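Once you scroll down, you'll see the structures, which are given as structure tokens.
Both complexes shown next keep chain A, but they swap its partner, so chain B is in the first and chain C is in the second.
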Partner chain A sequence: MSNWPTDNKYISHSTLRIDAPPKLTGSARYSSDIQADGWLYGMIYRSKWPSAKILSVDLSKALQVPGIKAAVVAREGQVNIRYYGEEIAAVAGTSKQACLDALRAIEVKAEVRHEFVVNEDEARKDNAPQVWDGAANVSAPHVHENGSVDTAFPECAAVIEGFYTTPIQIHNPMETHGNTVSWTDDGLTAWSSTQGITSVRDGFAGALQLDHSKVRVITDFMGGGFGAKFGPGAEGVLAAKLSKQAQAPVRLMLTRFDQALAVGNRPSSFQKIKMGALADGTLHAFEGENYGTAGIGAGGDSGGGGGGADIPMPYLYKVSNSRVKQSSVAVNAGSARAFRAPGHPPASFGMESAMDDLAVKLGMDPVEFRLKNDPSPIRQREYKIGMEKFGWKEKYEKPGSSPGVVKTGIGCAGAAWGGSRGDRNTQGEAQINPDGSIEFRLGVQDIGTGTKTIIAVIAAELLGLKPEQITVRVGDTNFPYGPGSGGSTTSPSVSPTVFNICQNALQQLQTQTGLADARGDNWFAACKKLGVSPLVVHGQWQQGLSTDHACGVQFVQVSVDTETGLVTVDKILGVHDCGLILNQNTLESQINGGIIMGMGYALYEERVMDDLSGVLLNPNFETYKLPGIADVPDIEIVLINMPERGVIGIGEPATVSTAGAIANAVANAIGARVSSLPITPAKVLAALGKVPSPSPAST
Partner chain B sequence: MKKPESENLGAHSRRTFLKSLGTVAATAATAQVKTVAAELEKANSEKVLGPGAVPVTLKVNGKPLKLTIEPRVTLLDALRNYSSLTGAKEGCDRATCGACTVLVDDVPIYSCQKLAIEAQNCEITTVEGLADNGNLSPVQRAFFEKDALMCGYCTPGFLMSVTALLKRNPSPNAADVKHACAGNICRCGTHPRILQAALKAAGVATASKTEVVDYV
Partner chain C sequence: MKAFEYATAHSAASARDLAGSTGAYLAGGNDLLGLLKDYLVSANILVNIKSLPGLDKIESGDKTWTIGALVTVAQIENDAEIQKVFPGLHDAASEVASQQIRNVATVGGNLAQHSRCWYFRHRDTVCLKKNGDLCYARNGENRYHSLFTGNSCISPVVSSLATTFAALDATAIVLRNGKETRLSMAELYQRAWENPLAHNSLNPGDLILRVEIPTTRSRSAYLQASDKHAFDWALVSCAAAAEMDGGTMKSPRVALGSISPVPHQVEAANQFLDGKVLDDTIATQAADLILKDAKPLEHNAYKVPLAHALIRRTLLKLKGAA
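And now, the complex of A and B:
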């Protein structure tokens, strides 16, 4: 049971985002806004070849460009380039214009290799060019088996087979990756656009052989990460080297183009699924084979593959007889990084598509089929609530039965996210001043999720103050340790820590002032009794206040124009749980955000590589499409309040099921399955038999 | 950084560009030659600025901003790199994301696509110019109250697009708001809240569609 108070004034209510005003007035200083004294602009020179051996890099002409103060190579000696866009060198100068001139003056001699591969299916062939010397492109398969699949399939009343594919998705945070770095004899300070100030500090220390205590990372405001910003990156290390050489701070933010090439993405998936159910609708047999690429990250040191393209199969469902075989394929492209709910959106798309296909074959309602097979009591309840609110029973018709040219359809899908109860080592402190002001300091960061606001909400609740009385400082490695913001673990790390700080504060105020209860109306009197020196109270994560494993289901209604193939999402309902609701305002924003990102994955987003040149073709927003305000439908949210479970994060589960639900709604509308994301007009028309199928499957 | 050096390697000027264009056009598209020749003549008669740094005076949020910058510096870079006005953000530097949106004579523009030198003699408004003596503008206030921001990096651009919309149309409907914000991208997914905030700033109430249900 949770130890959180009940009958709250702020917890589970809505408090406005406390750091909104500086963001709204332009006074917030993001990492890319830092103007340290004497700062220089930095830029990176990247490989224009997907595969090459760099013989020499001549920076002398670049260094002669007026205004240029430093130029460094990414790696010394003759190095192998494995993808288009890999870092080769960097320059720093007094203006962006000087840097642009200097990049043009860099002379690189290279042995260009025409042996490379950027397409997953090509990379899997026996005679494919090897991405890493001495290692196969395809990893040894990871196999999981239970029951007896081969005898189970003949026992099934209905069996479907499908090939479901998902593309590479690029994080594309609005602020690109980057840092302003000042490296002097006293140490290194980095203003980083990061989700993990501590991991960035450790990354700098490791790469530059510095003591951790000599590196300070500051992130007051940052413009989004979604999993791609946990380390200093090559760009951070290059900025540091430039700073040292120029003896000046260097601001090196990636260009949008750079960001698409080299700093992470969600791996692709190619899921061959065979699945069968008994006549009563019980899933009985599952066979899944999946491969995908995490770029060069899937090969090399991992012995050929092993890098992160695996997904959870058969995802949410318990199937007594199953065999899953997965492998990762290395290609000559930038490596994958964690991306909001790694593995889950592709898994949900594949499995939930297969679920609907099998429900249709069995003649069952897709929600009833899920209720029959989903082992989670929370999702069961969410499906029932969602079904009613959405009007599922009244709206559901057999696939393809919508009349007219523009057909409507509905679909649903479920989500699971393990997460964690939080980082047990999370710490923090509060400084209580004799004037009654109080400042919380935690070495975490607010990446736009509302972390600062929930700290103020919890502190206000427990101390009997108002959220606006709480000053919150995060984003500085000089503060007590906090974990990176990833995997929906920040809230369960931070909340129990703030709880503990408040408990300790009240106890110490009692000891020092003799007042029994310093909360609320007594606060100022108690603080005044501190005399002249402030009270600094430490606290750390404690058990019993947080938990893990969130669920969630989403229902979607779409319209599909069968003449143009265009899919319009008309309505989305998200039913989500995250234990104790901390702050409804920012929680709703998180869920909206997850759903909209899932819409992009379903309908628009896809990294496109050119097989012949190895070049990334859409490293910008005009050709890599994101959802815009006109694409976003009416979003309704039902929050399942489960305070007894304590705090759970919501960032990941909110984005998992959207693509699967949209895909199912499209199939329901047109009576044919588009089994490949993104669901473009061309693929819709192909599914309707109006145009030839785009091939190969990967593009 | 604030004092760029006067030397410059920028190889291209409008004059050299037009000259090269003139040669190509003369052989490839004779119909265009007259126009190009006229343009070239006009360009030759103009005073050439740059490629080195030149004085540029901007009027930003009602105050003069005197800079010495190369003519090729964009308005966005002039603000972000040569003044402390970093509110306008760089998201793409190619007119696709809208994070750099500012108002030039009340018209929202991508400041990454306009040279600072071209923006002289205009009234430039950035996000820093919206609040009045520390009081949030109605649009900023509505964004705050509707939580129409998350990481906040795209927010200045959306604020400028919505502010410009309300200046030219004080009573927009949802379609007007969507049209006005079509040139702005948000990756956190604040779109529904931005729509609500814009309508709120125009005096239209929107209700929350969120329901909280107890599990037990």
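And now, the complex of A and C:
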């Protein structure tokens, strides 16, 4: 189906990021580097209570702090606060310290409520405080059933039951959320750290009742976004209001503390799984019950701002008899937002753990068990390639049979991501100048994945130029419409659009210059014939160049110290596909990032809430632990190039299977299942039966 | 943070005078600046002590080594002689935080650093350590907290240098009321054992000048266990030191960090080990003695087997065998 050229010089090869020099030299201006004329710092005053009714907010003393130019409330009137860290007010001033002083001068009168609940199991209890008045914390269950589970289980040769849990994972991109906003009578300009310049523009316009045409959003460079940076956010709207009041641009970037509280997270999951297979290894019956929290954004009839906490069960596998029951639990904590492959990493961890547990019970090799049951021919192929490359057959031993105190183990897991063929409305243009220079302009954004580079790679390939001859401009709502970067859809949106622009460019050059083929060596001669006026060509997404549904499998080897509980990941092999490979090194970089993020989910990351005070206890990288370079193993990536499928995104599938594969490798090493993420030394020692009972409660 | 004055002292006495009872000494600043920014402590004046003469040196001696309070953790880590004479101290220094922090963090600051308890460090909780009514950790999230305490606060000491100095029987020399006072590591932290408001026994105005380490124990070792492989606090740390006569231990000492408000030392265990030939059984029995009175809470009971393993490993490392 694919119309992409073959015998390529750049496509499917490796081109260095075209913006590597500015990034490396520091001349790249990220959203948090923007210094608009006369700009002010902005900061947010947040609730220190998990539940309260705000009666009044007095900003007068804050406004008297030297250097303070504006102060605004987040919401007018008496406001219900439902979680620790919710926005109450904001200030803008000429220095950080002025803002900090002003925050301490804000006087809030509140009716503090002592009824709140911050953890899932407490919230599920009958007498639990209600997060939303008049609505149960636990949503009505969503039930999906096929076949007959009740008759199928007795037919199974082996059945396992497990309870697999995953924590809340907090969004922590390198650059925090935030904007610099300048709002004058002429309109609003925002320099945003965003994954979606258009959705941020629409968000500002909606919240502030402005015409879309009066709002411009610019994102030249931004430091990462994983699903939580699509709107202006409360912080953007507050920055706008501060800007208007102060009559100056306001830069309001969140601190790490802010970041942990109120800009989204991956919901938790508590998965009770019962699963059985026939004697030949065919999965035959699956029963899954899951609940999780999306913070205040779920449960009851809340409607929710963060969606629910459902995950795909039984994930990759088709089981002819299944019953799945899921519900979301509301708690007094910051709400969920989309997080790289929403639903998939927890689903993969639960299901792939259960797969290994059942394989062990059946006495089957875990990869053979997957080959027997995985319906995807692509993953089948990937498992076979991975097995060979990893030396699975030679390495695999029965769980717990590794000798000594430090035990090694191996595991694997698979991924699926639907994605899409791209946003059909994606547009772009290229300006071709008589001197042969060419500039592409698309209203998308490069969130660090290399979008600018793939535009240059595709254009160079199709026009017979070099990538460094292509100027690429993105990240401005003044350019033709482009979609947000989420769901692994940027490449399949952008690539066909650039293809179309190039086709149109060659055709129009031919028409205007009479030269049959303007590519390569003829390029400059053709452009020169344009005379004095540049040629601007438009293009849009077209069919037949992109598709969806990426797969991917990962193999992991770990060492586990059975006395200290420390898990060391020794090796990760990822076998991945995403249709036509556009640029190999940025692709590998994105998979490396996905794997390292998956390691954090597997071993370190966890939001910790305090039941008694209702606060979040680890709003920093000291105790919200992320993988460091010393934790990261040798990562090997094998790519399957499938030009015949066209372009597919890779952002999400890269991170899906890492945690499941690590968990299985740990279980294989120590002969016991750690069924709760993150797999900390404490949990490893507990799984090994080494942890004594606590002392009787004392005060 | 609140506004403060800033001054540079050129002698210990003038540092003391400048700081008075409401100032703070500034050396590496890693802990102090964080505490100030989080409004956890306040100081009307910061007295820069980095220019105090003579305190940035490591001095060897036949019977005693002296390490100035301004010596950085990186200096200890990179000193080839220390690595030979006090290998445990070298290993402890190399595990502290990150390279960047070790480059500026000083011995004095490492010893004097405040609690890392996440309730104490939280801007919106008022715990016992901040003059509040209760220890939130005791019945709350206590995975990183103590197995031992003499009061209601269960925040542990986290200085890995203190743990190692305790095993080496080092002495801190503190300028107190104009006089040099000698404090053992036990004495340097004793008040934290008794009083939830204290994280060590230093009085306002006290200034750590140097640490003296006797060369009595030619073997020393340090190990820590963490959630991560680098730049992470110890869940438990352990240091041991002894003179070895063949396989027989003389004057052995074991100390643990992150499980008590003070470096955890059990004299009975040191006596038990004295004169023994070190092997796995002996090490295990010593670990049993050291952890006998541990009072694990809901989430930190894992520290008991973890500490047990570290004690055994650290002791066996003294032999050079493990």
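By definition in this document, the second predicted complex is superposed on the first by the 683 of 699 C-alpha atoms of A that agree within 3 Å, B and C clash if a C-alpha of one lies under 4 Å from a C-alpha of the other, contacts with A are read in each partner's own complex, and residues count from 1 in each chain.
Note that in this section a residue touches a chain if its C-beta (ideal position, glycine included) is under 8 Å from a C-beta of that chain, and two chains touch if they have at least 3 such contacts.
All figures in this text were calculated on a predicted structure; none of them were measured in a lab.
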>> For the combined arrangement obtained by superposing on chain A, do chain B and chain C clash, or do they fit?
In response: clash
>> Quick one: is A:G628 in contact with chain B, with chain C, with both, or with neither? Answer first, second, both or neither.
In response: both
> Does chain B (first) or chain C (second) touch A:A20, or do both, or does neither?
Replying inline: first
> If you stack the two complexes on chain A, which partner ends up touching A:T564: first (chain B), second (chain C), both, or neither?
Replying inline: second
> First (chain B), second (chain C), both or neither: which does A:G593 touch?
Replying inline: first
>> Under the stated touch criterion, which partner chain does A:D610 make contact with: chain B (first), chain C (second), both, or neither?
In response: second
> Taking the superposition as given, does A:Q469 touch the first partner, chain B, the second, chain C, both, or neither?
Replying inline: neither
> Does chain B (first) or chain C (second) touch A:Y84, or do both, or does neither?
Replying inline: second
> Which partner does A:K690 reach: the first (chain B), the second (chain C), both, or neither?
Replying inline: second
> Of the two partner chains, chain B (first) and chain C (second), which one does A:Q380 touch, if any: first, second, both, or neither?
Replying inline: neither
>> After superposing on the shared chain, does chain C or chain B touch more chain A residues?
In response: B
> Of the stretches 202-210, 274-282 or 310-318, which one of chain C hits chain B?
Replying inline: 202-210
> Do chain B and chain C touch any of the same residues on chain A, and if so, which?
Replying inline: 97, 622, 627-630
> Across the complex, what residues on chain A touch chain B?
Replying inline: 16-17, 19-21, 23-30, 32-33, 35, 38-41, 65-67, 94-98, 101, 172-176, 221-224, 226, 253, 255-256, 378, 381, 385, 389, 447-450, 577, 581, 584-586, 588-590, 592-597, 620-622, 626-630, 632, 634-642, 644
> Where on chain B is chain A touching in the complex?
Replying inline: 1, 3-5, 7-10, 70, 72-73, 77, 80-81, 84-94, 96-97, 99, 126-128, 130-131, 136, 140, 143-145, 147, 149-156, 159, 177-179, 181-182, 184-195, 208-216
> Taking the complex as given, what residues does chain A use to touch chain C?
Replying inline: 48, 84, 97, 100, 563-566, 568, 603-604, 608, 610-613, 615, 617-618, 622-623, 625, 627-631, 680-682, 685-686, 690-695, 697-699
>> Per the contact definition, I'd like the list of chain C residues that touch chain A in the complex.
In response: 1, 116, 118-119, 122-125, 134, 136, 138-141, 143-144, 152, 225-233, 235, 295-302, 304-306, 309-310, 313
